[in-house]
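Two complexes follow with chain A in common, the first pairing it with chain B and the second with chain C.
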Partner chain A sequence: MTEQEIIETINAALVEEFELDAADMKPELSIYQDLGLDSLDTVDMVIVLEGAFKFKIREEAEIKQIRTLGDIHKFVQRKLNAEA
Partner chain B sequence: MQLKRVVITGMGAISPFGSGVAELLSGLYQMRSAVRYCSEMNSVAGLRCMVAARVPALDVKQIPRKFRRSMSNMSIYAVLAAAEAMQQGQIGEQECGSGRLGVAVGSTLASTATSEDFFNDYSSDHSLERMKTSLFFKLMNHTCAANVAQTFSIRGRLLAPSAACATGSQTIGYGYEMIAAGHQDMMLCGGADEYHPLTSATFDIMNAGSNGYNDKPQQTPRPFSAERDGMVCGEGSGVLLLESLSSALERGATILGEVVGFASLTDTGNIANPDSAVMADCMRLAMKDAKVVAEQIDYVNAHATATEQGDIAESQAIAAVFGDKTAVSSLKGHLGHTLAASGALESIATLDMLRCGQLVPTLNLTEVDTRCASLNYLKCDDSDKLGRDTFNYALKNNFALGGVNTSLVFRRYTK
Partner chain C sequence: MNLWVYSLLIFVTVVGLLITPLLITYFIGRNRWELARTIRHLIWIYGRVWLLIITPFVDFKREGLTSEQVPENCVFVVNHLSFFDTYFIGALPNSDLTFAVRSWPFKMFWYRIFMRLAQYLEVEDLSWEETLRIGGEILNKGGAVVFFPEGHRSRSGQLQRFYSGAFKLAIASGRPIVPLCICGTDELLPPGRRYLKPATVRLHILPTVDNADYSEIGGHIRLRKEVKGQIARQLELMRADGYSADNGEQ
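Coming up: the complex of A and B.
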């Protein structure tokens, strides 16, 4: 999976789960202030990403540091690279 | 203690006729049936009833996702009905946040469809790793009341009575009592339920569900009729805004009717079989609470679901209390049995009948079962008996499995 394909997969999963506008999915946006997610949503976001990429990330401490959409893109890429 | 008068200043409905009170009332006054053949029921082994009164497709995205994520259909129905009631009652942020407005909305069960989805997934590998945070909020027993309160930031009392088919009436009754006693100035009261085949199956296995009209769904259910063969499940939500008269007058709200009496009396003879004597006592208690006598009641809106035991027992109870002069009809022929929503949806209709001086007869009732008591039944062809210059009082019954009997008394509002 290329970097672009990973980003598109993440964005598509989040757009569907959280009813976001695909045009808004810019990496610099805060998932809280800009995309409107809250603590319950971030738990569900982990489940959605686990489903999309068939990996386990719930216990990863790094998840708590995620603030922007770009943070998610980078985190997933690192996780997939580590598993490769 | 001087009790406050309690009036209705807003009404909202999501019914098998569609979205809004106007849709509900036009379906009833036009004597239409909302019952349809449901092909999905055909895939459930052992289910004999293939008809239901479902809510037509709604624009659910009018509720922001932040609130909708914790809602199954029943909460969506309740929130949309509450929104309509609040709009009519001109309730704004100030009232919602004041603590003077409370919520009493209940359902028969929490979301069965959500339970089914969860356990289907869970059973595949006994894993909870796919369980989302919104699950509990759809499964908790106070899901409808909590979702209404959260969506509109309503900070007063929150309660979620659950008494199956009497839920809607109980919420109105308890809301009325809380306002009369001065504990709340306003209450959003109602019930909601969503369709699931399990609901129809519950009545089907007790031989209380209709199954002889699957090829002509609009001819069932048939309350009080010699040709009835059981009830038909429906879904939806009705919500009424109850308010103290003093608060309503102070706000300049339009007053749609008055709640003047309520009673709930438990039948402990049998968890499923109704006792007409207890039903009759419940109606008498409600009239005592309203300080009226039977001769003052112009109309009885019966529970009458088109089951053999229920219809006969209720007709005998009404005959014992009112004799054969008071007009009686059931709205189940139009709407099916919307369960927890039925008390609220039917109360909305009853209040409109009082306002308009026009009664709605029982759809699908032409020949009364001879085992039912002699009453002034409003049948399909009784157009000459439906209108009157003024109706002043109506009594509304709802009875539930588990032995829960409820009766409400409404009065046309006059200063």
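Coming up: the complex of A and C.
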């Protein structure tokens, strides 16, 4: 999976799960302030990413540091690289 | 209106607090219910009393809320316009209703103990696994779980984004979704206002949605979209059907 494909998979999964606008999926945007997600969504976000990439991340402490969409992209890429 | 409603509501709440131990003893003795089920029944009665209190000022229309049309063992999803939406859920014929709520309602100390005893699902504090387990147990015992899938009251009157919890619970437990549409409570008391205004409130039940066709991975998203679409279409019909006109807003 290329970096671009990973980003597209993440964005598509989040758009679908959280009823977001695909045009808003810019890496610099805060997932909380700009995309309107909240504490309840964090759990769903983890489940969505686990489903999309078939890995387990719910125990990862790094998830709590995620603030922007770009943070998610980088986190998933690191996780996939580590598992490769 | 405000003096009447708020005074009576406070009075009923205080009297209710005082006589709750007696009522618990009575209902447990009579029905052999467990404590949580008994408290949920008392909360339902409280909702019924609320409906009596607001009768002089609110034209409340129940659409399809008969025992034959309302299943007891299901997941209800309701749109959310006002603090008092939950009170109107007392119009449902069944009393074994467990609300899934965010953390802030637990800050109302006079309600908190009852919400905890009734085993309300505090979705912000519980892990998803716990929510699923407790919700599943309630459904397995024949009760119903009520979700406001928007999570917050709508400030525009329009439907907001739906959270997925209700739909995941329905699929995981194999219980159907029953969509409910409420309108007019935003005239009665919208977010940000403290005084009540007379209103026409309508609570409408939509046909039960069986989740058997949504069991694939990600099926909750399809189920959520389907149910949200149904609620949105019904709300449009209800609003076009004179509810605004009833309130003098052509």
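Throughout what follows, the second predicted complex is superposed on the first by the 84 of 84 C-alpha atoms of A that agree within 3 Å, B and C clash if a C-alpha of one lies under 4 Å from a C-alpha of the other, contacts with A are read in each partner's own complex, and residues count from 1 in each chain.
The rule is short, and it goes like this: a contact is a pair of C-beta atoms (placed from the backbone, for glycine too) under 8 Å apart; a residue touches a chain by one contact, two chains touch by 3 or more.
From a predicted model like this one, the values you see are computed outputs, not experimental measurements.
Asks: Does chain B (first) or chain C (second) touch A:D24, or do both, or does neither?
Replies: After superposing on A, A:D24 lies clear of both chain B and chain C.
Asks: Once chain A of both complexes is superposed, is A:E16 in touch with chain B (first), chain C (second), both, or neither?
Replies: Touch partner of A:E16: chain C, not chain B.
Asks: Does the superposition put A:E83 against chain B (first), chain C (second), both, or neither?
Replies: In the superposition, A:E83 touches no partner, neither chain B nor chain C.
Asks: May I ask you to decide whether A:D44 touches chain B, chain C, both, or neither, giving the answer as first, second, both or neither?
Replies: Touch partners of A:D44: chain B and chain C.
Asks: Just to be sure I read the superposition right, which of the two partners does A:E62 touch: chain B = first, chain C = second, or both, or neither?
Replies: In the superposed model, A:E62 contacts neither chain B nor chain C.
Asks: Is A:G36 in contact with chain B, with chain C, with both, or with neither (first, second, both, neither)?
Replies: In the superposition, A:G36 touches chain B and chain C alike.
Asks: On chain A, what residues does chain B touch that chain C touches as well?
Replies: Residues common to the chain A contacts of chain C and of chain B are 18-19, 36, 38, 40-41, 43-44, 47, 51, listed in rising order.
Asks: Within their complex, state which residues of chain A touch chain C.
Replies: Going by the criterion above, the answer is residues 16-19, 36, 38-41, 43-44, 47, 51.
Asks: For chain A, which residues count as touching chain B in their complex?
Replies: 18-19, 36, 38, 40-41, 43-44, 47, 50-51, 56, 58
Asks: Quick one: in the complex, what on chain C touches chain A?
Replies: 102, 123-124, 127-128, 151, 161-165, 217-218, 221
Asks: For the complex, which residues does chain B have touching chain A?
Replies: Going through chain B, the ones touching chain A are 61, 65-66, 69, 129-134.
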